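Shared chain: subunit A. Partners: subunit B in the first complex, subunit C in the second.
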Partner chain A sequence: MEYQFHWNIVFQKMPQLLHGAFVTLHLSVFAMLIGIVIAVLLAIAKMSSSRIYSIPATIWVEIARNTPALFQIYMAYFGLGAFGIHLSPYVAVLSALIFVNAGYLTETFRGGFQSIPKTQYSASKSLGMNGIQIYRYIILPQMFRRIYHPMTNQFVWSILMSSLGILVGMNELSGETQRLQSLSFRTLEFFIVAAIMYFIITKFVLLCASLASKRLFKGDI
Partner chain B sequence: MKLTKKISLVVASLVAVTAFSTAQADQLDSVIKKGVLNCGVVLDFPPMGYFDKENKAAGFDVDYCNDLGAALGVKVEVMNLTWGDRIPSLVSGKTDVVIGSTSDTLERAKSVGFSYPYFVFKFQVISKKDSGISSFDDLKNVKVGAALGTTYETEYLAYAEKKGWGKSNYTSFKSENDAYLGLYQGKVDAVISTNTNIATKLQTNEFKDFVAGPFVPNYDDVVGIITKRSEVAWMNYINLFLVHQIRDGKMNERYNHHFGSDAPADLIQALRDNK
Partner chain C sequence: MGMSFFTPLSWNDSGFILTGVLNTVYISVVAVLIGTILGLAMGFLRAEANRFTNTLLGGVLDILRSVPLIIQLILFSTYIGAMGHPLNPFVAGSIILSLYTMAFMSEVFRGGFESVPQSMIIAGRSLGMSYWQTVVYIRLPIGMRAVFPSWLGVALSVIKDSALVSVIGYMELLRTSEQLISRTQQPLKILIGVGIFYFIISYPLSLYGKYVERKMAI
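The block that comes next holds the complex of A and B.
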């Protein structure tokens, strides 16, 4: 290959790249944590026999799962902008990622809930637990243990998809990479380093998730 | 016997010469041999590059692609690029040349080969008529946007940093069109772009309430054609092509077609002087 790599420019710009990586990290972690909370509620709503709960939840899940994330981010930024609602790039990307994370995780969680025998609900009730206690102490810990691996897939997806933030001019890792490469035209160098950073961020988040889940769900995962 | 020896010697040297010349084939040869010039243009940047009413590539840069193809006697394939795609497209061999209004900074020239300048832009501000932006320093208190990875973005950010404005008022957009969409929707109060692009936009109905404002101080955006840095002979050809564009009056003809007036004398002189 005739391409000559120039790495020194990448090291010079490392502070900016690391700042971009940090934005990517907290953006995707927030999107994931808030997405999980909403998805638990949506999953319960979707299994509800009452249509007031199940229909909105179903609509959310169907739109989130069957449209591209790129479209959702664009709609959150320019789509709402057409109606005079101006979200900052960060909030637009965050809300789009929460929307799609919640949609995907709902189906995962519903599977998890349904894998828990119905008899456990009656057993807990007979012990005098109320609805919240049943979920808090009996159902959720088992559910999270069962769906842990599919859930981490969504974690990885969330981190990698945050790179779509570049569409609305966000200064996350991809946006920063794009800006820096356009100054120097050392495209390959910057993209290779960005790819390595994404890899490290993903591994780091998965490690934290596995440590946290060991404490929270007290299971071997 | 002697004759056979002579013939084999001639054959051997012919083979050697052919092999040698194949190894030496540069981009100029390969473009002529394949009969196609893959020419990259940013078709998001009227009037330099855009899609016309029939959804065909058009613009000053596209005309230059066609003129270069005509000079070489080859067919021209115009490839639509974003600002960020320009270098990867050259490195990967998808384009032979990029005529994409590329600012010829010394930093970039470490990575790609630049031709002589072929156009000079001014960077300018576009904003709503009532925005009250009369000097470049008025941008301090308003929200400013520009397309990601452009020289005007860099210039604005450098200026803002020098003045201590900070980055919080600044939004970058993925493309030139998105920057104008953001301005139109009111996400930003002012967009920085080139004088030529702003003039084109102001003619459209959507931007009738907008006005071209101050220029970026002390900055001429001089742009060149880019190729792989190693293709020096290919670049020589392109440089001579640019000289001919001026000498034969083609440059003025193209300018007239896209800007509705003759090219300013100082622009022509600057290009003749390679400045």
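The block that comes next holds the complex of A and C.
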């Protein structure tokens, strides 16, 4: 059987697809930014000697890392309904992605933090630096270099995983593609274009990240 | 008392859930197995091939890693359907999940092959080993041991990603639970059960991976 490709309809719907791509992008950016903030707090809590802080942080991290992202999205979208919390698809996917990003980034941050030798603290102190100076000039710049690549990977991961929005009827790139193809039945054409768009988005993000790293780190990483 | 369309969860559903559990395990094992074998071959090729082949292979593997799995699954199953050769969801899902696994495994194994110092291979050759003997007796055992934690990491993410095969109709755990939810209207209970299942598979393995990594670091 021969399949006739019809691309016209896809080009007509390009504005909607591009809007979907835009939603995908800002969804992932928000998921990443809020995820980073929570991950910093969780990393501090996890390294704390007090169990009241370290145990909840560990539970968060392990659940995020050891269950599928799709499960977390279902939990946010269907599961929370049992508590009377009804989230919109956007908020459900966003909170699931924040939850996972925070879990993975906590380990990244903790690893970055612990990779800095303790002797550097004493060295900085002996040079007369105060606490803020030690972090600002010695610890954080080195830590940031080490976690930059894992963070970029996590960002790409959240762009790809935001495609799960299709399953809860969201209007990001995949969900929009699904909706448009169901109106025209040109499933193959629409999903080929969506695949190309995802490819371009991830490559674009990686390109920006590598250009930024050249400026930020002056080449040596 | 009004009639209800929904029947609560009962012990009769355990067989249905068990099918979902077994199907998740089944497709994960198949994908990890085939993905590892293909990834090993690809990783070896990429460590050995010239620049041109490497760029070409790298490009194809990069596409598999840069397009969401869910889109790949929908595209593939629509494509084979449109061409008039529909496959059952298990076969279609296994093909895409294995290729996806291969794309990640190839990078892991490539790193493993490249981590073996050149001097070891030269030493092997000078002892009269053939090229393939150095591959089988030196590069494979030493290189693969080094990447075991990364391999385990990829395998674990494949187990979790296997949940996505539900979109093309494979009755794995999440899809069976979804059907139970629409019948019983008890999403929380069922979803927590699903979460616990993934957790008890994934958590011990991830602990083991960390343990091996720590042991190798010393």
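Note that in this section the second predicted complex is superposed on the first by the 190 of 221 C-alpha atoms of A that agree within 3 Å, B and C clash if a C-alpha of one lies under 4 Å from a C-alpha of the other, contacts with A are read in each partner's own complex, and residues count from 1 in each chain.
Everything below uses one rule, namely that a contact is a pair of C-beta atoms (placed from the backbone, for glycine too) under 8 Å apart; a residue touches a chain by one contact, two chains touch by 3 or more.
Fair warning: this is a prediction, and the values are worked out from it, not measured in the lab.
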Inset, instruction - Overlay done on subunit A, so just call it for subunit B and subunit C: clash or fit. - result: clash
Legend entry - Touched partner set for A:A195, first subunit B, second subunit C, both or neither: second
Inset, instruction - Check the residue A:P68 against both partner chains and state whether it touches subunit B (first), subunit C (second), both, or neither. - result: second
Inset, instruction - Could you say whether A:K203 touches subunit B, subunit C, both of them, or neither, answering first, second, both or neither? - result: second
Legend entry - Partner chain(s) touched by A:G79 [first = subunit B, second = subunit C, both, neither]: second
Inset, instruction - Answer with first, second, both or neither: which of subunit B and subunit C does A:Q154 touch in the superposed model? - result: neither
Inset, instruction - For A:Y3, select first, second, both or neither according to whether it touches subunit B, subunit C, the two together, or no partner. - result: both
Inset, instruction - Once the structures are superposed on A, label A:L167 by its partner contacts, choosing first (subunit B), second (subunit C), both or neither. - result: both
Legend entry - Dominant contact partner of subunit A by residue count, subunit C or subunit B: C
Inset, instruction - Check the residue A:L183 against both partner chains and state whether it touches subunit B (first), subunit C (second), both, or neither. - result: first
Legend entry - Steric overlap of subunit C with subunit B in the superposed model, located at which of 81-89, 135-143 or 207-215: 81-89
Inset, instruction - Take the contacts of subunit A with subunit B and those with subunit C, and give the residues found in both. - result: 3, 78, 81-82, 166-167, 187-188
Inset, instruction - Would you mind writing out the residues of subunit C in touch with subunit A in their complex? - result: 63, 66-72, 74-75, 78-79, 82-84, 156, 160-161, 163-164, 166-167, 174, 178, 181, 186-188, 191-192, 194-195, 198-199, 202-203, 206
Legend entry - Touch list for subunit A against partner subunit C, complex: 1, 3, 62-63, 65-71, 74-75, 78-79, 81-83, 156, 160-161, 163-164, 166-167, 174, 187-188, 191-192, 194-195, 198-199, 202-203
Legend entry - In the complex, subunit B residues that touch subunit A: 83-84, 87-88, 91, 105, 107-108, 110-112, 145, 148-150, 153-154, 171-174, 178, 181-182, 185-187, 230
Legend entry - subunit B-facing residues of subunit A, complex: 2-3, 6, 78, 81-82, 84, 86, 89, 166-169, 171, 175, 178-179, 181-188
